[in-house]
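I have a structure I would like to understand better, so I am pasting it below and will then ask my questions one at a time.
Should a chain be cited, it is by its letter among A, B, C and D, assigned in written order, with residues numbered from 1 in that chain.
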């Protein structure tokens, strides 16, 4: 037991923090605002390239694929410090596509994709969800029919970020409609510019958007098939496990709580600083403890990975607890702001630049996206605790 | 004891629902979110024709002369339909303030116009202090010549941008409750307003008062007696909001149950999953509770019975319950509920506004605490 | 709409209150303490007889069966005032067995049982639950085989109050084992003194007990069959609906909250009255509002009954909300008492005579007994909201 | 970063579990609830032989010299097994207080005896004020002749009835923190104790001090310096309790999952119902969180790192989480879990004691609030 990062890890943390603080405008919080402004998107890309230039994006990868073979704990530190500062770093390329290609791709695919991901040259959107396949991902209906050197792809993928101009999609497609649902699925990657792909923007309540991407007989080269045909569910399942360490929740929350505490110290209600109100103190303190707990649950997931143990129940608990915690925090935050909590960032009176108003809305999506809280509880109960399926 | 609507109330409710289904579809609600005024004059005139704008205005002032409870019945339907515009502001805040404290002249001057849909009047109470207590009023009204000069900043003023008159609460003495109400034309010299942008896409404004002169006849009620009026109006406002939330909650429940019946995942409607069933059951419980605690307060207010505790209890409970209902509704709907095209988010955003309006849960819990002897 | 009791109802309330306050020692709270002391049991019986003497026990019943045809609202008032004062009035005879016999019994059964229930001459225990039939009541296994004028009954009934000396049991028994579970069940009543019946006491965590009653070939006269043979589930189902109006929860809670408020005013923590602590104020106020809400939900159930509407979803909501509310209240109460909250009534330092310590434990049973909270939610969702069964 | 137990700790844990399974079955726990002493001398001697009583006592005083974290590992198993008796009181409260502040003579006098199982020492801190702050200490120690005279009432003193010595905190000055610790023989003239009856069936006492005379050599640490010691001991106590709760929580989770797998209703194990599955998942989440927030604080305390915040966070969180775990465990178990014969209720009753001991959630949240700059 040693609940402390090594001196080496701490030095890395200092380096990351120093770099971000000097290179990134402090008041720039794209992640919070989920911006679609071209200027913001350009800044994101530029900053990603800077991070890639330091070799940090894929620091935990093997050297042969553009990595530095850093420990999982350093990856955790990097994720933590970037999330704390609202730095957008990953579109799924680093955490999802890369590892999948490393595990299941051909040598050619590795040579093509991994360095490009590492250098932030290509950007990704997810192609999992469909209008009729949400929690029940295994029911994907998008068809991919082999024809010569191509798959001919027809169907729709939804809730992705395609409108922001990503150039590749990783997706699950049905390559054999005649077998039971988890089988007959393949994992493919495709360029977004191919003929027959249309992107329709879906505006969301908090001002951001997601996209519906329609494929009409799109010819995707077979070279985009990752792993074996019809085995995509299992190729993708590994990937889902990788997505769930979730230190970002506690890191974002830490920053938000600090902002809230500052707000409470600097603002008065009924003639005294809000920070002196016992009820508010109690609630904020409780959140601080929840954040702390969430962080440690995440640390444990990363630590297990560093020990080459496979976090399963633990990763689902981290996702469940972290996303619910963040939702509670935004709920508390907007409540603490009182009447001002309802103000949109565009209102001159909006406190903390309206981040709580925006976040209060968008965070509700966190207990739905990437496995709803209900699905996480199912996984914990059945895979984790061994309760029989219904 | 009678917990049902009487025949007239039932008719009012049914006709309101039918009217709103026809005249206030969700497409209109969505359009009005982007509209500068936030409502259409056409619909406004129809509301007047329906007698809604004058529903509780006495017949002698051109109204229908129904009770506050009847108004609550209407507001429940308005909440269900998310009726956009200054209906609440002008009927509850403007109209009822004048009914409560206005002089005979003021009543004759304003109430018929409100009932006919020709006049929109709102109340400017809050300030940057964002406090619902009298101490929060820092804007001043200084006696000068034959009138008063008003200075200060008002915030969160509902529908000021389309009101012809605004009732402004201003400080006229050093005592905590030395607050007076003034009826000020919106185009008075020195008064300026800026729209705020809010989560609910409703229309609230910042109002700047820079040496605004009003005559003595602009005073509503007694000098330094405004807070008594405001307290009553805040109670009506709080319960009016509760009624809207009850209507919205019922709608969100229905919508969620319907979705759970139709949305298929894992080969069956998600409404067959116990987790979803229990979410819906909890929502139903919250809506049921909201309804009766609101009715109790509305009925007591309507009857002129003491209702301080009942109002505080209702606003505290319903505000929270409606947030829960919306949060659970979102959870069941998943991603689709967050899209601008979907009605779920129309309700959940308005729920936040309703929670805050006329005092949030903490504000009212303190009143409850005092009421139970703490 | 008129949320106020009539003058006549209020007069009845005054009469009830006055009678209880003059006849029942105020500090006697059998219901809270779930006492099994013979002295307490005797007092319970005596007081029941006093109430029966006023005609109040079955006041809502038809005159021909010993009632006064009072309105449901007066029954509600009676239940409210007795629950508020911890007066034990009903063992199921008045609210469950009586109405069932009225609806499904023979004239002879009515003549025999109803006046005796009305006069509190016979006392009842429930015979629904079995060791393997809890939430799933329809799986009762206790067999009743016809033999001449008797049923021969074999099986076990559990979680009842048989150890306290009740003389009759109403029970569900299986009379046809060959049909699907809801069918083949009969509703019978039996005297407890018959040969072959043994009662085993099961001590519970909060000091009270329940019983396991074993039937070994007990000959129960067929005259105890209520309604048609094999139709007991439906005979009993009506009865389950009757049990769920639940104003007792808010009435008990009202009293407990008053006691807590008094405690907070009279006791100091950190040098000032607990009642001045903002966090405690906020929590107690929230409970007060919950209690108010629970009360109104119950009123509505009673009112619906008075309008000859059948509360279904509403009754389940009342049970769910009321029992969960009471659990929250005890949890808050014992928390407010701080270190003293852990003291048993027998400790001289126990505040409020240890009622919160006892109640904190026993109230956990309220979200389990008579249909768990989960079962209530199932009912609300499927029967109330029309969601399809899984 | 290393969130696993090292080999020695893993061995300690395994051997502790095996020992307790053999020597402390639930039948013993149940018997000890009714027993006057609350533990058996036989088991006590075996604890001594296992080296548990001297686990963190330095070797020079007859102990094993392991760390506080090692003790926490042991307490987790003790919590899982609900080890009855004064183990916690004498090892953490008595022993560690003397280790922390005792003179060399006191250490030599008491520590070997504790390690050998010959001496039981507890701490009498709380009073009718029931406060964990120094202001709560109202018992007085007045200097007289060559010693002190103690007067006052101590409450909630764990296992005073079987202790040979009791460390009493008493006020020796008017400053808030002017508290001094005194080692008092339980049979001292003027000291009387009465057992309290508690929800956890543990043994706490009221202690009356009526002109109890002690020599100067009875002072532990500095005059007026006792509160520094108590603060440290309270932190150890709080985290020791957290460790017990982590052990108990894991056990309640296992027990509940097992029951859900076996109990059949509606023709299938109740663990197939999503409502039950989600109850169990929430419990697992609470146990997971409890474990790591406890380990963090225990490790920091063990290393002598600053840990005020981490201790407060752990005790606040784990106390609440364990209550939730027990409440949900009961809900899944239904009626059977409330019976005296069932282990479920043994845990849930102890959970209440653990929640309160060394400061409840509110107490620790205030410390957290200060720590985050409020």
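Everything that follows uses one rule, which is that contacts are C-beta pairs under 8 Å (C-beta built on N, C-alpha and C of every residue); 3 or more make two chains touch, one makes a residue touch a chain.
Note that the structure is a prediction, hence the values are computed from the model and not measured.
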item	value
Chain separated most widely from chain A, comparing mean CA positions	C
Winner on C-beta contact pairs when A-B is weighed against A-D	A-D
Chain B and chain C: spacing of chain centres that average the CA atoms, whole Å	42
Centre distance in Å when chain B and chain D are each reduced to the mean of their C-alpha atoms	53
Two or more partner chains touched - positions in chain D	273-276, 278, 362
Overlap residues in chain C, where contacts from two or more other chains coincide	279, 282, 374, 377, 390
In the complex, chain C residues that touch chain A	277-279, 282, 390
Residues of chain D touching chain A in the complex	1-6, 9, 69, 253, 257, 260-261, 268-269, 271-274, 276-278, 280-282, 284-285, 288-289, 292-293, 295-296, 299-300, 305, 310, 313, 316-317, 362, 365-366, 368-369, 371-374
Chain D residues touching chain C - in the complex, by the definition given at the top	126, 128-131, 133, 135, 155-156, 194, 196-200, 206, 264-267, 270, 273, 275-276, 323, 327, 330-331, 334-335, 338-341, 345, 348-349, 352-353, 356, 360, 362
Touching residues (chain side chain A, partner chain D) in the complex	1-6, 9, 73, 257-258, 261, 264-265, 275, 281-282, 284-286, 288-290, 292-294, 296-297, 299-300, 303-304, 306-307, 313-314, 317, 320-321, 374, 376-378, 380-382, 384-390
Chain D residues within the chain B interface of the complex	273-275, 278
